[in-house]
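You will see two complexes here that share chain A, one where it goes with chain B and one where it goes with chain C.
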Partner chain A sequence: MDWKKLQNIDRRIIYILLILATAVPMIRPLAIPLSTGPSVHKFYQIMDAIPAGEKVLFSLDYAPSGAPDVHPQALAVMKHMMNKGVGVVFISFWEAGPMFGEQLIRAYEEQGYEYGVHFANLGYVPGGESAIKRFGEDVAGQVSRDFRNNPVSSLPIMQGIKDTRDFAAVICFSAGNPGVQEWVRQVQGPLGINLLAGAVTVSVPQYMPYVDAGQVKAMLAGLRGAAEYETVSGNPGPSVAKMDAQSLGHLIIIAFIIVGNIAFFMDKKKQ
Partner chain B sequence: MRREIPLVITFVVGMIVLLARIFTAADGGEFILAKWAGELTDWVIIVSAFAVGLASVNLFRIHGDIVARKRPGWINSLTLLAAIVVFAVIGIAARFGAGPFFSELNQNLYDSIISPLGAAMFAILAFYIASAAYRAFRMRNLEASVMLFAAILVMLGRAPVGELIWNQFPSIANWLVDIPNTVGQRAIMIGAAIGGFATSLRILLGIERGHLGGVE
Partner chain C sequence: MNISTDIWTWIAALGTIAMFSFIFKENPVYRWCEHLYVGAAAGYAISVNAKSIADKAWTPLTQDGKIVLLIPCIFGILLYARFIKSIAWLSRWPMSFLVGVGSGLAIFGVVNSQLLQQIKATLLPLNSINNIIMVFGVLSILLYFFFSMEHRGAVKYGASVGRWIMMITFGVSFGNVVMGRISLLLGALERILGDWLGMV
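Let's turn to the complex of A and B:
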């Protein structure tokens, strides 16, 4: 057997197998059972305990690149909040964020929910960490008009909101910086807000110390976090179906790693 | 003076922001330094907003020159400039209430062009990672083997199929992420924070002058 060749399989073969492994389950879901972890349960319990009429803040700090991993989390939590009658206010420290806010809002506007009453999109604030700090301590002072150019003071949902402590929870959906770390450093620490996070999978290890320290109360980790949230809230949706693709994708990568290592050792033995 | 004035500004501004975080007003009200620090932080936000405008001007200057001189790839530059103009005009019209047509168009352009393009660019990474993992993950020594096994265990623990193979994979993956990873991350964060503090102090005291743009 040519072990050298097995150590150097043409990348096009890997690409084709990976495309098949991810595309086929999207077309024909395999319905692989999904368990739910303690962090998602904690996240759900915190959100579920928020009484109707309260308001939560979504900080949409991601761009289209990270959206397939993070946006499903925002969708799942938004659905839960709307079902409970909790108002949702959107802000973003990434310029792409407000457009995702509009995506989240439009589906509910079509169902009869009212902009300004059930949700509001405050748009994008430039300035990264400094902007998060100032917004955290003075919401109305930093954003005078929302993304639709309405005066923020005229929105019923914004009545009684001075700083981020006036929200029942702040959820930072983040695909990088500025994001969770800046919210912890500049707002959660000084003001003691109820901060939760939805993180892109690659950032999860980086944010674990904040979860461990209790600065971030609970975290949803990537697409799996969204799928688990959908399952826990009793609304299995698109994220659950996408997890099949992720499963097969992981299996393909692991299979290639194993093949590469077997070939590596056999070749070494032969020599 | 070209050196002293920026150093004094850096020291004064830095100390205001630093001390505002340390001291509070004796009567529990707003401390004057906190007010100043807030104002200074607002300046950062304003400067950042200007940076976006400056970046646009810069793009037009560089790519406008490429188009004007018809340098190689000028068609790409023209596409970039046309896209900036189209998205800016529609975006500004939508933002300032030019009507539902512009709002719809703005959102549709974003949802149908930028969003899928951005996601596709990121998705390509999966193919590179698969190829790179196959080529690079070899059990050449102990350290590489530990990393390889940790990666496989986390992959299996995070994907539902892993649980189907053995129901303990998620627990092992969670342990790896919660304990060894958190310990390592925390050590890196504390080290970086101490390093950041030391560098900040050097800048405040005028020892580190790289931010002055090489003025000696």
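Let's turn to the complex of A and C:
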């Protein structure tokens, strides 16, 4: 057997197999059971305990490149909050963030929810870490007009909001920096806010120490976190449907890693 | 199959396919779409930032009479002085201010949240397997990076355990990277199979 050839499989074969393994279960789901972890349960319990009429802040710190991993989390939590009657305010420290805020709002506006009452999009604040600090300490002072150019003081949902402690929870949906780390460093530490995180999968090991230390109360990890949240909240949606494809994609990669290693050791033995 | 009639969905789907075409070979369609993406992203960023300047500086300055905002505005303009050789030195003032404020903020935050709080979180009672792994894991990794004594005997074994724990951590990170990349692929496939072709 030509072990060398197996160690150098044409990348196009790998890509085609991977695309097939993920595309087929998206069209015909296999219904592989999905388990839910303690972190997602804790996240759900914290969000579910927020009484109707309260407000939460979503910090949408991601761009289109990370959106497939993080945006489904925001969708799932948004649905939960709307069902509970909790107001959602959006802010972003990434330029693309406000666009995702508008996407989240659109579906609910079509259902009759009212902008300014049930949700508001405060837009983008430039300045990275220092902007997060200023916003955390003085929301109204930092943002005078929302993304739709309304004066923030005229929005009913913003009445009574002075700093981020006035939100029942702050959730940072983050695909990098500025994001969770900056919120922990500049706002959670000094003000002691109720901070939760929705992280892009790549960053999860980086943020785990904050969860262990209690600085971040709970975290959703990537698309899988969104799927688990949909399951726990009893609203299985698009993220759950993608989990079969994700599982098969992982199997393909595991198979290639095993094949590559067998070929490597067999070739070494042969030599 | 229920193919979309929305022009933007078609553009998104065809753009995604064009980017995927790089898998086989670099080609002019891929290049064109790549440039289009970079241009659109830059244009979007400029418009959002321009709105931000208008909302946070121009409107309060001209309509609300907040004269104090002239200071950051002048500092901001001075940043561009670096493009004119004779007055390039002026750009050092706002730059120094930015570096000073940035460092001050970061040092405070890092010491408080990423050092003191993390040390506190590691001081755990050794009454569960998780806590034992956490405490001895941290100690052995610190031992691995302790270069003031030769790694011999017990120190060598401790450092070796630290190395193994780091290897496992790197494996976990790599696993997360793979999972994240598959999620991105699923997002792209959803755009093609779901939004565009209506097969999902």
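Structural remarks
One rule holds in what follows: the second predicted complex is superposed on the first by the 271 of 271 C-alpha atoms of A that agree within 3 Å, B and C clash if a C-alpha of one lies under 4 Å from a C-alpha of the other, contacts with A are read in each partner's own complex, and residues count from 1 in each chain.
The rule is simple: a contact is a pair of C-beta atoms (placed from the backbone, for glycine too) under 8 Å apart; a residue touches a chain by one contact, two chains touch by 3 or more.
What you see is a predicted model, and the numbers here were worked out from it, not measured in a lab.
Once chain A of one complex is fitted onto chain A of the other, the partner contacts of A:246 extend to both chain B and chain C. Looking at the shared chain after the overlay, A:49 reaches neither chain B nor chain C.
When both complexes are overlaid on chain A, the residue A:65 reaches chain B and chain C alike. In the superposition on chain A, contact of A:224 is made with both chain B and chain C. In the superposed model, A:204 lies in contact with both chain B and chain C. In the superposition on chain A, contact is made by A:256 with chain B only, not with chain C.
By the touch criterion defined above, A:144 reaches chain C but does not reach chain B. After overlaying the two complexes on the shared chain, residue contacts for A:18 are found with chain B and with chain C alike.
Of the two partner chains placed around the shared chain by superposition, chain B is the only one that A:33 touches, whereas chain C remains out of contact.
Comparing the two complexes, residues 11, 15, 18, 22, 65-68, 95-96, 99, 125-126, 130, 133, 190, 201, 204-205, 209, 212, 221-222, 224, 246, 249-250, 253 of chain A contact chain B in one case and chain C in the other. Taken in their complex, chain A has these residues touching chain B: 8-9, 11, 14-15, 18, 22, 32-35, 37, 63-68, 95-96, 99, 102-103, 106, 125-128, 130-131, 133-134, 137-138, 142, 147-149, 190, 201, 204-206, 208-209, 212, 221-222, 224, 243-244, 246-254, 256-257, 259-261, 264-265. Contacts from chain A toward chain C in the complex involve residues 11-12, 15, 18-19, 22-23, 26-27, 65-69, 95-96, 98-99, 123-126, 129-130, 133, 144-145, 181-182, 184-186, 188-190, 200-202, 204-205, 209, 212-215, 221-224, 238, 241-242, 245-246, 249-250, 253.
By the touch criterion given at the top, residues 23-24, 44-45, 48-49, 51-52, 55-56, 59-60, 101-102, 105-106, 109-110, 112-114, 117-118, 120-121, 134, 169, 172-173, 176-180, 182-190, 193-194, 199-200 of chain C touch chain A in their complex. Touching chain A in their complex are the following residues of chain B: 21, 38, 41-42, 44-45, 48-49, 51-52, 95-97, 103, 107, 110-111, 114-119, 121-123, 126-127, 129-131, 133-135, 137-139, 148, 152, 155-156, 158-164, 170, 174, 177-178, 181-182, 185-186, 189.
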